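In what follows, chain A forms one complex with chain B and a second complex with chain C.
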Partner chain A sequence: MQPTMDRREREGLPQAPRLVSGDLPPEEPIPSYTGPSFVTDDPELSRLTPAELYELNQGMLNDAVPDRPLIDQLKHIAVLRSEYEHGTPAFLQQIDYLRSQGYNGIRRTRGDGDCFYRSLAFAFVERLMNSEEEELEFSVMSAISTLESVLPMLEAAGFQKLVYEDFYETFVSIIKQIVEPDRLDHSNLTPALLLEAFQSPEVSNSVVVFLRLLTSAQIRTDPDSYADFLFNPELGEPMAPREFCESFVEAVGKEADHVQMTALSRALNVNFSVAYLDGRSKDGTVDFVQFDSGNDYGSEPMVLLYRPGHYDILERRSQEPLE
Partner chain B sequence: MDARLRRVNKEIADCKNDKTSKITLELVDESPFHLKGAFPGPEGTPYEGGHFEVDIRIPDSYPFQPLKMKFITKVYHPNISSASGAICLDILKDAWSPVLTLKSTLISLQSLLCSPEPNDPQDAEVAKHYMTSRSSFEETARYWTHIYAGGPEAKAAGKARDTPVGAVRDEIAIAGLEKAHVDQFEALGFERTKVIDVLRRLNYRGANVAKITEDRVVEELLKS
Partner chain C sequence: MASISARRLRKELSEIHVEGCPVGINLLSADNFEQWLLSLEVMGESQYPGEVFALKFRFDPNYPISSPAVQFVVDGKYTSPVHPHVYSNGHICASILGNEWSPVLSVIGICVTLQSMLASCKKKERPQDNDRYVLHAPDNPKKTRFHYDVDTV
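== the complex of A and B ==
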């Protein structure tokens, strides 16, 4: 396995969009800020100034407001850009770079720790749905057969059927609906129905959990490939595969890092890339980190957008297609 | 049928079919989302021989949110509130995973009885007792298992032998204290229940006894 961009190797820390100093509340007792802290526990961020931390926290809080849908409509990337207008120019340059590469849209997910899995699942189904007409049936059937073929791996990893079967059924029925009308909707899957499904907590979370179980099973059944890369993300200590999977893969709301992403790419047999929008680029470009299973026949690669601590989906289109 | 109900039904059936784990589940009322679980105390622990009951509530967004569990049976354990039965266990909080089930969670509670985590206590007084004198802690835990969980009678503690069996002796044993210590302060004219309460709060046990002066105890007694 090639840890191209392991967290521990990434030097230093991501830079928060900076406020113009005059914008800061002057007498705000920032160091004693005791609200929910999403980032201050991270030792990597301990070098930020209180003002930067405060600002970063606010950003994270906004991301975590329960009102944000689990996954949102496609928005023009200019919307993202406008949020960084008072931030560091580095972010703006990188957003402009993404646009110049043809990425015009962003689809956001709620910052609940499930964002990587939710983004990838959505992008996976959406890509299937957008397959060329003549390949549609084949793409859907191969996706379903891939999912069927991983069930023995889930068993081998020690998961009970009663635990995974409902999540599996939910995911497969969404994919099936691409080619055959659903019992409830009496319609094939449309972009609107897909969005609706992924905004419904029961459906959306079932799919997220299924991908978590796949990721975990991939690591548990092939521990030798992963053992050297399993670290407690909070303490930095090495962890045994089972312990790592229980605490940082299967548990609800635990973010994915490079290891989980690699494992899921292999388990699902898909390629995707992640654009790192971190404000750290010297020349204003964005690094794309590839996760290649090597057997992905899908044409258009899936691209996720990473900002420190969060994943969204990056798209070439800038708005939802018309039905 | 909604997903939560489907899953819970499967889990209950799975538990019924499993004869080896000795975990039982039953409905408390009409709702399939309020259950009572039970398991035997693990062997080789002070809880051996006891029958422990747990109140289980299944939240609306189960299995994406953790089960809500608390002990119905009173348990003397650092991670279980001796008053309310509330449990401090990571999987019931932020380490929850939808992989966990009613059965596996109850098995985790059973394991918790085998391996207390006094550094992350639910009941600070019990945790202090555990840290100060393991043997005294175990004696108390065994006594609780006997009187609350139907466990076997504790091996007769010689020192308590000559006092008549009754409420008074119980109270001291429940608090995990020595009768001689309670007598000592009672003799100064303080009410027995007050003495027990203060000594328990001060963790007047084992090596701590030498560290806590008589004046300190009296001072606390006068305050209470």
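== the complex of A and C ==
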């Protein structure tokens, strides 16, 4: 854990490849680094690699644009398409394919490395909220009892109660609000209140942390199921479950990959699928990867949209329900 | 509603009062939810026999989602431990305080981790870029982007 750059440079070692965790989809303009003009007081800057500079830039951009919402309103997928019009046709073809499959809307999340967890949490609550009237109460109670039932797993994974309970309570109180008025809002959860909650960093990030802990606990308490799939995403080396969870699941802002998604599907007992919009399809279709470790057969799975390094929510509706 | 940092720190504080601190760690001051001071001593055989250090924790309202700013106190009474990951101004290069921060860690958890970092020290020396770093270091160590080796501590 000592500063490595100097040593690497001195010994002429190449910089280890780093994943850019800036997390922006490729078609959005990559801010070009035009010299140290905005951070001239930092002599270290000139020693950074382009990848590190890019990452630094991303961090600063996110800091500098605090009003970029953590999660945005539902937008028509044509908005996404228009951003690719000057890009590769492969993406356009794939977006058209998604439309032909009935996906008309996209709900975007901020590219902060928490986007998978945030997207899934939002979609999870929204789907509960959209349950059929006669099933609403049952769906909400089932979800809450699932969450209650994972608490012993969190304990078994070695997390102290004081570590998880605030995050747990935040998540559960949003779900409860679907069926009973909240003390603060004096209202049941509406689409607008849900969006507001997930745009508030305090609530939104608490839910993200809770899902991270849940994912980690699932892996830690069932290491045999996951051990063969735990690799350091930066170095490609196998990792022990505990180290993997500490560095790449529990740590804030670390992106989720297949293993984390599988574990969370199992822990939350839900199914979802991920549409891979990667511009690589030969026939212009989009692969949907299913995560169906849950038991909620019957209901349509939630769908996330993956573009390299980033997750958003894919929807059949193209605009917010009027309410 | 109290900020998440106040809710969490209140619980951490009550746990410290109920269960006490691990050996070698003591609470020096915690009379608000912005800044705490704890003392740290390495028990058993080590490079630091008899040396007592103080750690300053600064919390923003998003703790524990955001990491606390943690540094060794350097004043008339305390000094910064001589260690390859600790700068003479008290700043600490440890990935758990930076890009590997997780809300699973608590104040005491951090103290224990730093205690074992000191305990496993083989040779008392400063980071190689100490002088250059200290010259330009920001007041808040969280504003520094340290580069971490794959854990060698």
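Here is the rule we use: the second predicted complex is superposed on the first by the 253 of 323 C-alpha atoms of A that agree within 3 Å, B and C clash if a C-alpha of one lies under 4 Å from a C-alpha of the other, contacts with A are read in each partner's own complex, and residues count from 1 in each chain.
By definition in this document, contacts are C-beta pairs under 8 Å (C-beta built on N, C-alpha and C of every residue); 3 or more make two chains touch, one makes a residue touch a chain.
Because the structure is a prediction, the values reported are computed rather than measured.
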First (chain B), second (chain C), both or neither touched by A:Asp96: neither
Superposition-derived comparison: chain B or chain C, residues of chain A touched: C
Partner chain(s) touched by A:Ala251 [first = chain B, second = chain C, both, neither]: both
Partner chain in contact with A:Leu235 - chain B first, chain C second, else both or neither: second
Touched partner set for A:Glu135, first chain B, second chain C, both or neither: neither
First, second, both or neither for A:Leu213, with chain B first and chain C second: both
Chain A positions touched by chain B in one structure and by chain C in the second: 159-160, 162-163, 166-167, 201-202, 205-206, 209, 212-213, 246-247, 250-253
Of all residues in chain B, those that touch chain A in their complex: 3, 6-7, 10-11, 14, 61, 63-65, 94-99, 101
Of all residues in chain A, those that touch chain B in their complex: 159-160, 162-163, 166-167, 170, 201-202, 205-206, 209, 212-213, 246-247, 250-253
List of chain C residues in touch with chain A within their complex: 1, 3-4, 7-8, 11-12, 15, 62, 64-66, 84-85, 93-95, 99-104, 106, 127-129, 132, 136, 145-153
For the chain A and chain C complex, residues of the former touching the latter: 1-7, 41-44, 56, 159-160, 162-163, 166-167, 184, 201-202, 205-206, 209, 212-213, 235, 246-247, 250-253
